[in-house]
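Please go over the structures that come below.
What follows is a pair of complexes built around subunit A, which joins subunit B in one and subunit C in the other.
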Partner chain A sequence: MIKNDDLVSPYQIAMIIIMTVISVGVFSIASDAANAAGPDGWLMVAFAGAVNILAVLVIVILNSRFPGKTFAEYSQVILGTILGRLLTMMFTIYLIFATAYVVRSFTEVIKMFVLFRTPTEIIMLSLILVCTYIVRSGVECVARINELIFPILFIPFLILMAFGLPSADFSNLRPFLQASPVRMLSAMPALAINYAGIELALFYIGFMENPKKAYKPAIAAVLFITFFLTIVTALCIAAFGQNMTAYFLWPLMSYIRLISMPGLFVEHLQGIMLSLWMLSVFTNIVSVYFVMSYSISKIAGTKEQKQYVLPLAMVIYYFALQPDSLVSHYELAKAVLPYFIILFLYVVPVILLLIAKLRKLEVK
Partner chain B sequence: MGGIPVGFLLKKKDSRKRIEKEIGKLINSKSIEENKKRLKDRLKDCDDIVYKEFTAGKEQIFKFLLVYTDGMSRGDLLNNAVLNALMIHAREVPPDAREPGEELYRLVRYGGLPASELTDNDNLEDAILSILIGDAVLFIDGTEKSIIIGAKGWPKRSVSEPNTESLIRGPRDGFTETFRENTALVRRRIRDHRLKLKQLRVGRRSFTDVGVMYIEDIVKPELVEEVLQRIKTIEIDAIMESGYIEQLIEDNYLSPFPQINITERPDEVAGSLYEGRVAILVDNSPFALIVPTTLNSLFQSPEDYYDRWYISTILRFIRYFASVLSLLLPALYIAITSFQPDILPAKFVISIAAARQGIPFPAIIEAFLMEVTFELLREAGLRLPVPIGSAIGIVGGIVIGTAAVDAGIVSPIMVIIVAVTAISSFSIPNYNLSVGFRMLRFFLMAIAGVFGLYGIMLGIVLILSHLVKLKSFGIPYMSPYVSSPASDLKDSIVRVPTFLMGKRPVLLARNIIRMKNNRQLINQLEQEKDGNDKK
Partner chain C sequence: MKAVKRLSLAAVMLLCVLLITGCWDKVEIEDRLFALAIGVDDVKEEERKTSEDMYTFSFVAPVLEEMKKESKGPAFRTYEAVSCGIIHSQSQLLERFSQKQYFGLTRVMLFGEGMMRDEKLLKEIIDAILRYHELHNSMYAYIVPGRAEEVFEVKPKFEKLIMRYIAGITENSSYSSGILKLSLSDAIIMLINNKGGLVIPRLIPGEEEIRVSGAGVLKEYRLVGYLDDSEVSSYNRLMDKAKGGSFPVDIEGTSTVFKHFRFDRSIELSKVEGGKIYLNYNMETEGTIEEYTLNKIMLDNKFLKKVEHELGKKIESESEKLIKRFQKEFRTDLIGARDYLNKYQPKLFKTIEKDYDKYFSDNIVIKVNADVHIRRIGLIK
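The block that comes next holds the complex of A and B.
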């Protein structure tokens, strides 16, 4: 009777966007921002968020022209079968890189703070394989897991952040607006990587009953993300000052280590922080992973996406293993990912929307 | 062919065959002798069947045959309502009736038997089934029709307080093994003509009564349809208990979580029906099944609605917390002692290390040892008779408590952890759910022994994925926490004040308005009173 209807509710759209964007980036964004704009880093983050509201608006407008269709389907309508498939293929390759990046970053952190002697391969494989279980069950389950983990993640997360307030010195944030606009603009690509994930809305809105209902949740999601990342950046810069923050690889982790509440049962909170972070990494991988297998199934023209999940696990695993060290890992990521993100988050939706408008393509 | 004239048989042969073909069953013969012979043939060697032949009437020419199962029918009812009555009434048949058989039948059926539950019957198969269920069948010579007299009555347990779900506040009655009494207990709480009871017989040999109850205008019709269809797919020789039905119709047989709620309490069944769920009652079982079931509903107890709202809310928080503890505590102990001692305060770590000094096993072996011992004790205590059971408790207390520590096999901290885990798992209201958590606890302990905290997180994520994927009769198992409107959250981990619970669960019910908020009216009354006082 009541079968899986493969629908995503507006609330779930917001959850998917938030949980996808907030993953590994949270830990390094303060460092990127401080590098780019000094004490104004947190303003930069807020500014980038405002830009992303425009980006998400374009995505929703584009999607609501093609209700019931995802990027993988309407790109073929707009650009023709071959070009559309090529574009989807590119998107998939980008997602594979992005997931490999997340998996590798996470594994490095786990190795550094928790499991010192466990082989990287084992950690990576266990993480990816755990994700395959839910990805195989379809979009409904992916949406639900995002919805379920959101409160489990953010309520303790925000409480933890509040514990660190005593060590923050907000005079570190002054002076305001010192960085030149040129410097700020040139820093945008470096920050864009932290907003990666919004472009998944290109797919997930296609699973909604009525894509027009996506405006509110999508904008709310981006606002929440912006708010959250701005707070994280501001707190880190306030706690450490711009130079220290820029020097750290994961300022948020150091911020959490600062916290020591006398009488608190748990003394070092980074264990809890890592556990929470694991949840956010998990939801990120799951959302991206599903889109990957879904778009491959669309490129291949098959109905189901299940059969592509396990082979993809091997591909992700392969790419995640490529960098020899943490340094080369981040260098590689910074060399490739920002361009992909800018392409798919800002450029492609606008171009597709323009073509669709010019060709008067619309599905009613 | 007994005492039937051959000519009569030939005349009726064709029409008789036609009727038999239509109903697909062997219809009764007109002759009592023949009926008795057929019955005895079918019920050969069933020595508990009673055949009471008697004659009545002025000239004792009307022959009757009463058949029932000894011990399953009420003898006093049969004596009063059949034997006693017929021996008087049958005399009044006019001797010149054209067809004494039919005439007699009508008289007996509508005027002769002072019993409330009478059914017409014309075929032997149904008659035999009725006899075996506990009813009595009365055959009358000269007609093909027989009368089924509802006379079920066998030794049974009276309604008593349910053992498995005791409450502090709430009604004390619980289901029994008798199907009809159970439906009556539910009906007493829902005196609405829209409460429907659909009865089926399941089991090729056991012919067990299975009743599907729902409130017509609240429940979603497709849910009832689904439940009925799933029950109809069952082809089995016997249904011994509602657990058979539960296992045969549940969604995922591999899941450690129960997807069908079982209860002994009629008030819980009635409450679920009012929410738009469907209840399945099975004969011979004091446990009713409730579908669809969500994880949230397994954490609820009927008491939650009888107590004031903040009491219930606190209790629900405690239950959720207890379930998390019973799931995670031993795993956390393993992970922290063997992988991440640094997340605890230094003094505490030192005291743990001191306690663990001299213990020959790694933490994971220690934890498994204690947990398995505890499970053994629990199982032994359940199976033993009550007087010996308490002895097991004492032995267990000494073994787990002091001896193991003194002998240096486990650390005292491990004892505390086992105890807290056990207490936590007892405070989960649903037994099946707590068994599920017990299984998962061992899984988490194993994975924590390999990967530490990271392993526990992997395990949690896997469990969450499974929960999110699970559905019970089309309803997500994790609702109302996922894919539900916000109003359903009013009855989740928090239970809002009763006057705010104006809606039924939107995911379940078709007709969602439950009540009107009467707070304002009460306030108005108060204000009017105040106004009067001032005057």
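The block that comes next holds the complex of A and C.
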């Protein structure tokens, strides 16, 4: 089963969750939120994040019933071999779509702002291949790369955002709680896409020595994510007002582009922003990619996951190239991904936990 | 030791992130045409070549050889293009000149009066500014009575670069309330929030100088009128945009000037009665009086109270005159009442949201209260 040196520490669990969730969604979340709830958008982001604390709790409880086992393994224990494998297969397919979505979104932004004339294929392939290299080295490497990049990403990120504060008018966040509850609830699926990635804890906690130690870091990670996304949303709405924020494709990018301070020796900080953001996309893909190849190895019943990594790159690449344009890309993503996310983040863990309880399944 | 090693590793990686991002499109600096100002006009009939031609764009770029102190000529050149949009004009210029345009340093965007009167033209250009990734929105926006290209024919007496000159005037707005400062992004946000309503500073070209004076008022994406200099001051005060400035007033037959460094405005709802909404605009300012007349002892509380009272009265009456103008002449709310009601009285605002402009001109009563404090009186008594 899991080799002894392939362990993930509690701290790394938090890092993996944070770095997986914070990826392409950071740029567009403010727009979705403002669209859904106007000036209450930031409250809604916070609310959606708070809901995820419950989700992550269920995941940790479920995982601590089966120490040393990941979702791919204990789903077979709980549901039986065939059903368990089917579920894992579904999860893998979802992850392939999700990664393709991330790769494509990344390429679109990069092409818009930086590499105007570089072929899409080159940008995608170079990104996927770098990730392939890391994923082949196993879970320890994945965990370490997340741990390493976390401070490099967030410290400059927060500093960069602080530069935009002079252009923010926080009265734009008023009035509070005016959007109707129905409108807010109906917008939840659209926001769920920005919290995709928490469900990977189903796998990574399985690599911990003692899954019970995952409570604290998992909850801390979700809190951090919620805090971060709420700040991003609030800043964008404060700077642009709800109408403009909803109008932008990538409000955070526009927010960074707004920064212009006389005397500041760097203007046009979008280049720095993009390079930081590249890191967050990179870690997201690495974490998801590993789970993908790992669950395929469990479905196939092989010992190693290495051999599946490179072929998977082709699959991701293929799906990432499928959408015709940015419009069909977002339409496709909105039509498919939120339901998968809700299924695997909220529904499946609860059902599995219930069945495990009823069948009194537990690894001691 | 381990911690130090880790930290230095992190620092190196951080530096990589920050420093490697400088150059990505391999265009040499000599090959760039830095468009420092952009002028947008509607096309003149005689210059129109195809039916798609809608705009005349003027791009102003510095001429490096002329930037030196000794040389006499103006340090900028204007490149003009007649086309259907900003992107097409760019490719037109590429066909005519060897350099490639770069908009990263653009400071100023001028709109001609003609295109501001045309809803279609304005909407198209605003969309282009938002959509086109090469244009950033932190530049300043102005309206030019007549044509925007005329501004670039001015040979400024004291400055070589026309756009630094214009931007410099606008940046004086912290010291003079008569100057309206508006960045392109603020202009666009205002346009979208007010469904086509905007107050945009006016730039008047002269022989050897340019003046930022007054402002254009737009309603439903169309220019409907101008504010004069003192009205712009009042507008700045009403919108809480005023900071420093001076305010002349006549006391006992002698004119004097009140100089302020700070000007605050807050709005409160005073009452809702008989279908009318009563708003109070409370203004507070503090400053100095450093000019009067010889032999008059100003170190006198009674006298200062009187001056403060006169100043307050004058600020109130000027502000109320401008409010009248918005209510009766332009019939649109660009003075922040809607913003206040929406943000702080959302329940009340929901009842009047429909057909708000009509409600604003007929049923909103705004009272201005100015509270002036003279803190200092200069070096003599």
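Basically, the second predicted complex is superposed on the first by the 360 of 364 C-alpha atoms of A that agree within 3 Å, B and C clash if a C-alpha of one lies under 4 Å from a C-alpha of the other, contacts with A are read in each partner's own complex, and residues count from 1 in each chain.
Definition applied: contacts are C-beta pairs under 8 Å (C-beta built on N, C-alpha and C of every residue); 3 or more make two chains touch, one makes a residue touch a chain.
Quantities reported herein were computed from a predicted structural model and do not represent experimental measurements.
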- Touch check for A:S9: first (subunit B), second (subunit C), both, or neither? first
Based on the superposed arrangement, let me know which partner A:V130 touches: subunit B (first), subunit C (second), both, or neither?
-> first
* Report for A:H268: first if it touches subunit B alone, second if subunit C alone, otherwise both or neither. => both
Field: Which superposed partner A:V114 touches (first subunit B, second subunit C, both, neither)
entry: both
Practice prompt. Tell me which partner A:R144 touches in the superposition: subunit B (first), subunit C (second), both or neither.
Written response: first
Quick check for you: in the superposed arrangement, does A:F282 touch first (subunit B), second (subunit C), both or neither? first
Name the contact category of A:P156: first (subunit B only), second (subunit C only), both, or neither.
second
| Regarding the shared-chain residue A:L258, is it in contact with subunit B (first), subunit C (second), both, or neither? | second
Note: overlapping subunit A surface for subunit B and subunit C spans 114-115, 267-268, 271-272, 274-275, 279
The subunit A residues in contact with subunit B across the complex are 1-3, 9, 12, 110, 114-115, 118, 123, 126-127, 130, 133-134, 137, 140-141, 143-145, 147-149, 265-272, 274-275, 278-279, 282
In their shared complex, subunit A is touched by residues of subunit B numbered 222-223, 225-226, 339-340, 342-346, 348, 451-454, 456-458, 461-462, 464-469, 473-476, 478, 481-483
Subunit C contacts subunit A in the complex at 10, 13-14, 17-18, 20-22, 24-25, 104, 130, 133, 136-138, 171, 185, 188-189, 192-193, 342-344, 346
Note: in the complex, subunit A contacts subunit C through residues 39, 112-116, 151-152, 155-156, 167, 171-172, 174-175, 178, 240-241, 243-244, 247, 254, 257-260, 262, 267-268, 271-272, 274-276, 279
